[in-house]
């Protein structure tokens, strides 16, 4: 064992530097294309939209820079605030039904084992359908006459067919239920995965400790499922908050604005009234709210043990 | 007690399956009825004299071409998003990168941009770039929409895979690319399939982007073509429901094929995020 | 797919050109046209509906006569034609020919997207065809001296469809034509699951409220501004009628945001005795009729107020325009003209059951046959004393219908004071 | 298996590695002769794994050169270095069965081997490691010890120039570890291969190595045979680190050839008698013996006595220092009692300069 005296040559240190630089370059080159596409498709239009929101733009006619006029008009419009409120009702109303239902399904699916996977596949079918197709389909199912599917169900129970989509009281709940029908299986799939990650030993331990089923659920299932639940809630929140196609197809924001959420207001203002400047202002507001929701989602997840967000 | 709860479970599941599939079944039933039977009172669950006239009409009016368009766009978008997303997700998980936190913010922030909210600016941009109303417009947009999710899912997956695996493969005589390809990617199958499913559904099901970015019938997608049956003459429920049935087949086939991986893929990809 | 069709057409053309050319002297001009003509319409080149069949035939005829011309039909969703066209025009990718609704003419014209047809139409067309069109429509396309388009398929727009069998139950053959009587009859027609009257209140280019107001005659529109008085006495009386229809049980207070399509579906299933409907869908209504005999379907003008004549609001209707940025304006104009030949008018009438654009055609014996009965009914509605169109300068065209629909929903579904509902609508419009 | 004809030397020349401002490894100069078993030993975070990774090419040094044989591999890709590595986590490929895992290196494009030979080598390695019956299984289906053998097998089939083993035994339970340790030793002798072994377990290092490189805080503390290190630690770190428990170190001041401290006094060897002020003396626990006489070198209070069968481990407080000593079990001591200890053989005492920590030559 002897230390041979070999000088560290200048050449070799240069080679090392070039390798280190290359590694960094390779990393950037790998992220580059994805970054480029994301920036081009998502980020640039968002900024362009912000720029357009500062202009008076009607029916593709640009009438110049108006500063924050579009925003001021938007926020001084009581119907805009009403739309934000409706968005919250729709979002949290859907969540309140979808999440417990998904949890229940997830637990059933796990108990069913192999058949559970089959059931899950079946439940996922509505989620796989295009929102616009879902809207069409439900419009057809809900035709309020004895010739409609749901109408005939009502008739079978001795109740006249109900105007589920045009009654000011029923329209929003109907939309919520269709939203749940469409999306809850996605929540169920994530929760099923989450349940699978809870060690079975814990349930054995709980049984030994004499915990009842309710207590086991409350003290073991819920806390350990928290990360999955949070994801489900966040993803559904964002998805419901941005829901627009089924609203366009089913109620058109009515009756009497009862289902005009912020996203529908954006559609109505930008694509029906063609007030595109103000439409972009609404888009910017929606983007902000989405950002907020996602930040919240990451924040909460980041605090979870095991959630390395 | 146990038997009772088991029965309740099975009944509950059957009910759930009925609620999930009932509407599709009704669509199928409607699509097989002659036009003047569609509104019959009381409704006929199973058409007594099924006919394929509505399906024939879809073909006659060229809707099957839009089916291929939709499939092609979705396939291209998923391919682009998966390739770029996996590569970027890998780099984010493994390479030292300048400004990495900012990169992550951009990828996550991109998920917060609702596609339909930026349609107008996107359209104007695409017109300027000469991409409007071309074969690449929709695949490019869909890939862009799905990419942040793909990056996120793959990145989270790669961070959970021990570095030693690919190091071992590199020492075993494989290049870095080969090591990732032969050792890391096989394990990422569920995550990649989850991202692929997500991307396919997004592209296949989109309506608003497709109707805004493309004018020429040759370039049209299936959902847009279907809306033509809700047109000047009112809703042509027979054709619409035939379209609904056809539009639902590919995603369902996909689910059946990937059933095994979906639960794991979605659960892992998102929870570990 | 279109390419394939074109190949087929190409072959067809080669074979047919020689035979057909001499026969087409009616529209053939001295010069031959060439190039591509792009058309945006809601009709699909592969479509199977009668209108689509006729359009296809007319195109084949035109390309046979002008072998240098290729015609491409790019169908668009019918509610989006105007928007897409203006966007396309601003971005220099507009089609040469555009189908659009008359209500948007002013706005689209303001964006400079439409050419002045007077500068392009042939002398023959101007002297023979133009005076032969329905003047009420033809004149409306002229904005500030510019002929922005030509009206196609003269027809009333929103009109009443009713079931004769239902009316027979109350001993009538047709709905009464004054609102006072109409309310009573509509109330009586409500029985069991069936409602006496159905109104669409959620379409973005249809306002049942304005249709009802036209019972006061064309005077409701201010000639200078195109406004109607949202809070004026006519509007209030209309609102009053709506409230009475609800109170009498003729209109359902839970059917608030139905679209025309919904009303149509539910009518087919037997939910209504009388509905507001889009007149060109008469045949479609018959086709889907499930809860009653299609032969029982009939059409009626709108009831009027006082002793005014029954109202027929002729719009929105389709017009065909030429893009200001078309690079093939002469050929495109020639094709537009070919849609209005007497032969074409006969085809529209015989195949698609449409009132012929050329009035002179009506002397054809076909119009005395039973097949033409519906055409004759519509034709008589067009000539009715209460017929009117929207003013050419109706402002805020993208807002007025949704706003008035929401107001109508409020009138039907709430107990709020009429005055406050109407003032809110007025404020929202900013009139 | 084939003999280590491919066994090569490994040389580090002035190698250093920084992560940004953090120095992980500094100025490493080592030469490993062909066929030697060399262990990098040190507490976690000492830079030993980084050093190993730099041989493998998994990490790039910030400066210096690494040579395998006569070839400068400093910037050569891992795949082209012809080394084999066994990881602490074994890094078995989860989607491949054991056969495919072992065959994996031979199927790489750059050293594609005919399938017949792959089969022969896999079977031969499996036979050597007792894995024949398991080849169709997947890594998740076998035990830790078996995984360990698979990882070794995957390295062996390569006949690499150098084996790199990164704490390969630390995930095994005690019994298995001892067993695998001797298997490894046996394997090294049979293969005659150059092996570099990283561990924090001095027992493994002592039993397996021809040479041990003790590292701490990114620096080499001492390089030597196990015996050299144990008997002649070059500095206080090595003295304390090696041995279980480590060498007892007692600090004192030298006055007139005598080292004095509360609890003991010691006459210094003549070579150290002149002039020095602060000196530490080291003595191995087994070199102390019970001394009931008045002249015992060390005096202190018994804290604990651990009965180990043949002998007992005594811990006692001398001033502020805790001193360990192995005594025959026959000596019975009561915690709290005052006793005396003396070095059995004064020549086995070691002296260190407290300022520099370096051993003082006697």
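Letters are used for the chains, namely A, B, C and D, taken in the order the chains are written, and counting of residues starts over at 1 for each.
The rule we apply is simple: contacts are C-beta pairs under 8 Å (C-beta built on N, C-alpha and C of every residue); 3 or more make two chains touch, one makes a residue touch a chain.
What you see is a predicted model; the values in this text were computed from it and never measured.
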Chain at maximum distance from chain D, centres defined as averaged CA atoms: C
Best-connected chain pair, where connection means C-beta pairs in contact: A-B
Rounded Å distance between chain A and chain D, as computed from the means of their C-alpha atoms: 55
Approximate Å spacing (C-alpha centroids) for the pair chain B, chain C: 38
Chain A and chain B: spacing of chain centres that average the CA atoms, whole Å: 15
Chain C-chain D separation of Cα centroids, rounded to whole Å: 92
Touching two or more other chains - residue numbers and ranges from chain B: 39-41, 124, 227, 230, 235, 237
In chain D, residues with contacts to at least two other chains: none
Sites on chain C at which at least two other chains make contact: 87, 265, 268-270, 290-291
All touching chain pairs, where touch follows the definition stated at the start: A-B, A-C, A-D, B-C, B-D
Interface residues, chain D side, partner chain A - complex: 11, 13-14, 29-31, 33, 60-65, 72, 74-75, 211, 223-224
In the complex with chain A, residue positions of chain C that touch it: 83, 86-87, 90, 107, 110-111, 193, 201-202, 204, 252, 254-259, 262, 265-266, 268-271, 290-291, 398-399, 402, 405-406, 409-410, 413-414
Touch list for chain B against partner chain C, complex: 35-41, 57, 60-62, 65, 123-124, 127, 132-133, 211, 215-218, 224, 227-228, 230-235, 237
Residues of chain C that touch chain B when the two form their complex: 1-3, 40, 42-49, 73-78, 80, 84, 87-88, 91, 93, 260-261, 264-265, 268-270, 278, 280-281, 284, 287-291
Residues of chain B touching chain A in the complex: 9, 12-13, 16-17, 19-21, 23-24, 26-27, 30, 39-43, 80, 84-85, 87-88, 90-92, 94-98, 103, 106-114, 116-118, 120-122, 124-125, 140-141, 143-145, 147-148, 151, 156, 159, 201, 204-208, 223, 226-227, 230, 235, 237, 240-241, 243-244, 247-248, 251-252, 254-256, 259-260, 262-264, 266-268, 270-273
